[in-house]
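Next come two complexes, and both contain subunit A; in the first it sits with subunit B, in the second with subunit C.
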Partner chain A sequence: MIVLRLGWRNLWRNPRRSLITISAVACGFAFLITLIGLMVGLAHQMLSNGTELLLGDAQLHHRDYLPKRSLYDTLSPETPGGLEDWMDQLKALLELDHLSPRVYAFGLLSTGELSAGAQLMGVDPELEAGLTSFLEGVAEELTGSAEDQPLLLGDVLAQELEATVGSEIAVVTQSVDGSLGNDLFHVSGIFHTGLRHLDRSLAVFPLRDLQQLLVLDPDQIHEIAMSIEDPMAADGFADSLNKSAILPPDGVVQSWGDLAPQLRDYIGLARGMYGFLIVIIALFVAVGVLNTMMMAVFERTREIGLVNALGMRPWPIVNSILLESFFLGVLGLGAGMGLGAWAMAYLTTRGLNLTRWTGELSMLGTRMDPVLKAVWDWDYVLWSAVGLLVSTLLAAFFPALRAARLDPVEALAAPVEG
Partner chain B sequence: MFSHKNIDLLVLLMTLSSGPLQAQQDFTQLTAAEIVDQVDRMLRGDSSRGAIQMTVQTRRWKRDMTLEIWSEGTEKALVRVLKPKKEEGVASLKVNSDMWNYLPKINRTIRVPASMMMASWMGSHFTNDDLVKDTRLIRDYDIEISYQGEREGLPVWEFTLTPFPDAPVVWGEIRYQVRKQDLMPTWAAYYGEDGELKRTMTFTRYRQMGGRLVPTRSRMVPEDEPEEFTEMIYLDLEFDVPIPKGTFSLASLRR
Partner chain C sequence: MGSKEMILRLQDVSRMYEQGQETVRALDNVTLSLEKGEFVAIAGPSGSGKTTLLNVAVGLDRPTQGKVWIRDHYLNSMNTHALARLRLEEVGFIFQSYNLVPVLNAEENAELILLLRGVPRQKRKTAVLQILEEVGLAGLEKRRPSELSGGQQQRVAVARAIAAEPALVLADEPTANLDSETALSLLKLMEKLNQEHATTFLFSTHDPRVMKRAHRIIHLVDGRVDRDEPQPSHG
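Then we have the complex of A and B:
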């Protein structure tokens, strides 16, 4: 108890120096909180853009469908009620918010002289709009459109075909029976995702229209995209779904991490970066604390020699110095928390606007919002705090040992500190 | 179906030579390139008209189609589907390196863009590019005799064709067997740039048609799907026929 008081009192013997060190710890902590907050925000944004744009959190396919995406590897649930019934069951059982059945093919779009190859995608516009954002603003044109046989085009593709809303487009593709599926559609909307490969190649049809063109049954689909509450839980979700009996026997579920490994890699990399940042900042703080505590021990050489000569054991001396450093750290963390929270309050709501540097940008195949908002990740806040506190204690250990080892005779001969 | 960088379809189908083959000619005096060119010219005509039955067998389905084919040189070709009913009237026109498809169901003519050249032609194992490419073997390939002697009791040549460095071809190497007795091709094997076998063509049923001996049946087997094939059988074939004016036009494509 006396050691505790000793540590606390010693802290304020040179308030200016202690405050400077405390503020160094505080700045380090606040810096970690905000920087990691921004990086977590970036990772979240990439993930949600990656999954919410088109991918979903997990997808169900026929086990042979990926990576070749053969037209023939369709899923067809064996539920008597067909696809719709089965999707209802799936939703209820898994408490899924949204899922969306899809059909894909590759085909040729033509307005006559102008033709372009395109990825054909059939969706249920309502279900798709509940899950993903790539058709934002135009999804309803697939249902509510006055056009017969409606079709949505990516804006770059539309440009390539010189097509506008209302344009007639001939669509040619290989059907599953080997025949040449061909029909006329009308552009009822044009979408822009910001991802060039989608804007340039994607043509979206009502699910049933594309199934008919491909000579597929209404129950035959290539993919069901799903979204769940917490994207970070997608791997576990996919695993448990793969073990459940509700899947068709040839169906397999993959999480966004399996489907877009570059996203998972980025998030793994970002986590490594957080740890690295914590270590770097902790090192800086340690140097500051080491300096402070060395000074403190130098100043008190005589006094330490005196208590030593009076018979104080070395451990209380070590402890009092460690405690002084501990107080430095805790006060610094408290102040840093306040500072960090203040900065985060701004960064989590208003965010950093990067527009002036970047314009529209995409990264690793996902569209980035130019306003970067920070996100609290309490795990890393805790790890930052622990890292900084451990580093302040370790930094004080050397001066403390030095103090404990002082020879009382020499120490008492040291000059008196004003 | 008419892969032409080699001796496949186009050459086969639209074949015709400029004069009757001198069967007694002493081929052994010719260089490898000359022999291949001889075969090439023999199977190439100023013009031709024919009907073929095309069978496409895949893992999932099998289809029989009857096609009518007109050709002029290697530059122009018109293929029209006669059967089955569902695709009657579907037609492809090739003029130089351009290609159009006509689809009667929607009454539209569609130009095939460069990006679709490697896509399947009419559901077969041939690509649009096979139909359109206008290459001649001796122009694009360095040709060597890699084997000369008997195979299954018949004297043959086997040629190895290696593309010239800047030749606009998709193959890394072609191997090609020709019978010595009548210059009939028996098989051709196509290798990718990586040296891997991609497809094999076999030629059989040598018959007199249109006044000359031709392999009337050819079958292409893609290496990655050995159970699948596209087979073409000549039902009839005429060489150097007068071709009505405007046959190779967009207007005639629609007819």
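Then we have the complex of A and C:
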């Protein structure tokens, strides 16, 4: 009780100094909350852009398909009901949100005067729209289009070919039977992903049309992209699916982390950064608290000597000083939480608009939204709070021990605070 | 042997300080003893060793030579913790000034020793309120030291020293920072408590008027006991 009273009242003896220290803790905490919030937001954004744009959370291929992407390494499930039936089974079994079968090839597009190489991609527009966003706004043009043999082009590619909606495009490619597949298609829509390599190289067809061009069976595909509830669980999901019997014997599943290792590296790195930031800020705060408490103990030399002389044991003295800085820490964390929550209220809803500086930007091969929104991650908020509080207490420990070890005779001879 | 209980005993006590090449003898072969209920002044000019004597007597400082007892506790063989414990149990302190913990009010300062001894709250409260009244501070219990005059602060220190009914109260120049009228009334208060509680007082001073109130005066000169004489005018 006496320890509590001393700790609390001593805190307000030099209110200015205490308030400065409290604000230092508060600013440190608010800074950690917002900065980590923004970094987590960035990581979330990169992950969701990376996976939602085109990748999906995991993909199934023939085991030899990657990285060469050979036309011949197709998958065809051997269920009686064919591909569609098999996908339904898979969905039901794994409680998958969405999956989308795809076929790929390389080919030459030409309008007569102009031509360009392109990556040809065949998708089921409905399934694809449920899984990814790169065809947002134009997916229905592949099904509902009046055009015979519809085709979607990336906007840069369309520009290169000087093609617009309605333009006729001749597509030439190698088919699996060794013949030269070629056919006429009509541009039914133009998409823009913001990722240059997609916008300038991707041509998207209805799945069956491309399969026919490539002389593939309806059940033969190159890839099935899948999305699951929690992208962070993709590795475990891929592992368990790889062990399951439902997979065709030559099929292999890879998570987004395997497919885009740079993305996984970034998220790992970001996590390391959070810890590093917490340590740095905690160190700053510790220096501030150490300074404050050293001064406090120094100013109180005489009265500490007095209670020492009276016979007060060292521990209550140590504890009252630790408690004082505990109060500093807790008040600082409270204020910092308020400040941080206020900033986060803005940053999570409005976000930071980076357009002014960056324009459209991509990072590590994923398109970035120029408005960066922060995301609360309570684990890191908690770790920040714990880190700051521990550093506050550790920083006070040295002055506290010093106080407990003061020689009463010398301390009583010390000058007195005014 | 007298029937009186021995409270403090110093035997051939010396305390030397190394000052560069020189050795300062702050105390030089001091032998003295105090019995229960005595009211004793240590007199002497500045630097004569008064503070050193009081510090050594209660184990705040250790003698270079010689032996010290408080009642039947032999201080030489006790460690720092045991000495702190002994002070808490047996000794009350009044220092020259800034005796009080600034963030505690008069009542809390006065009850500090009782609190540290672990006396239950209700008992503490009754004892402290009574002793504060006794030292003339009724009504000022909730004031912080900064809101009290120098004399009132010293009275709080006296209340704190006496509240736990120690065997011995030590006071190092308790009146040095007070005007003579206040000093005298503090002395009278100490004397009254000495009479009523049979508490042994040992206080240092170089003020002749304060000295006169003592029942026995120990004169220190250069760390030696020059004279140790009773004051016939008192009991």
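One rule holds for everything that comes next: the second predicted complex is superposed on the first by the 417 of 418 C-alpha atoms of A that agree within 3 Å, B and C clash if a C-alpha of one lies under 4 Å from a C-alpha of the other, contacts with A are read in each partner's own complex, and residues count from 1 in each chain.
What we mean here is this: contacts are C-beta pairs under 8 Å (C-beta built on N, C-alpha and C of every residue); 3 or more make two chains touch, one makes a residue touch a chain.
Just so we're clear, the structure is a prediction, and the values are computed from it rather than from any experiment.
J.: Using the overlay on subunit A, decide if subunit B and subunit C clash or can fit next to each other.
T.: Aligned on subunit A, subunit B and subunit C fit with no clash.
J.: Going by the contact rule set out at the top, does A:E113 touch subunit B (first), subunit C (second), both, or neither?
T.: A:E113 contacts subunit B only, not subunit C.
J.: Just subunit B (first), just subunit C (second), both, or neither: which does A:R302 touch?
T.: The second partner, subunit C, only.
J.: Kindly classify A:R402 by the partners it touches after superposition: subunit B alone (first), subunit C alone (second), both, or neither?
T.: neither
J.: In the superposed arrangement, does A:D183 touch subunit B (first), subunit C (second), both or neither?
T.: Touch partner of A:D183: subunit B, not subunit C.
J.: When the two structures are overlaid on chain A, which partner does A:Q174 contact: first (subunit B), second (subunit C), both, or neither?
T.: It touches subunit B, and subunit C stays clear.
J.: Classify the contacts of A:L6 with the two partner chains as first (subunit B alone), second (subunit C alone), both, or neither.
T.: It touches subunit C, and subunit B stays clear.
J.: Output check: A:H98 vs subunit B and subunit C. Expected answer is one of first, second, both, neither. What do you get?
T.: Neither partner.
J.: If you've got the overlay open, could you tell me the nearest Cα approach between subunit B and subunit C in whole angstrom?
T.: Nearest C-alpha atoms of the two chains are 82 Å apart.
J.: How about subunit A: which of its residues touch subunit C in the complex?
T.: Touch residues, subunit A against subunit C: 2, 5-6, 9-10, 13, 302-303, 306-313, 316, 408-409, 412, 416-417.
J.: Which of the residues in subunit B end up touching subunit A in this complex?
T.: Of all residues in subunit B, those touching subunit A are 56, 58-63, 86-87, 90, 101, 103, 105-106, 108-113, 115-116, 119-120, 122-123.
J.: In the complex formed with subunit A, which residues of subunit C make contact?
T.: 55, 60-61, 81, 84-89, 91, 93, 95, 97-104, 108, 112-113, 115-116
J.: Quick one: which bits of subunit A touch subunit B in the complex? Just the residue numbers, please.
T.: 72, 106, 108, 110, 112-117, 170, 172, 174, 176-180, 182-184
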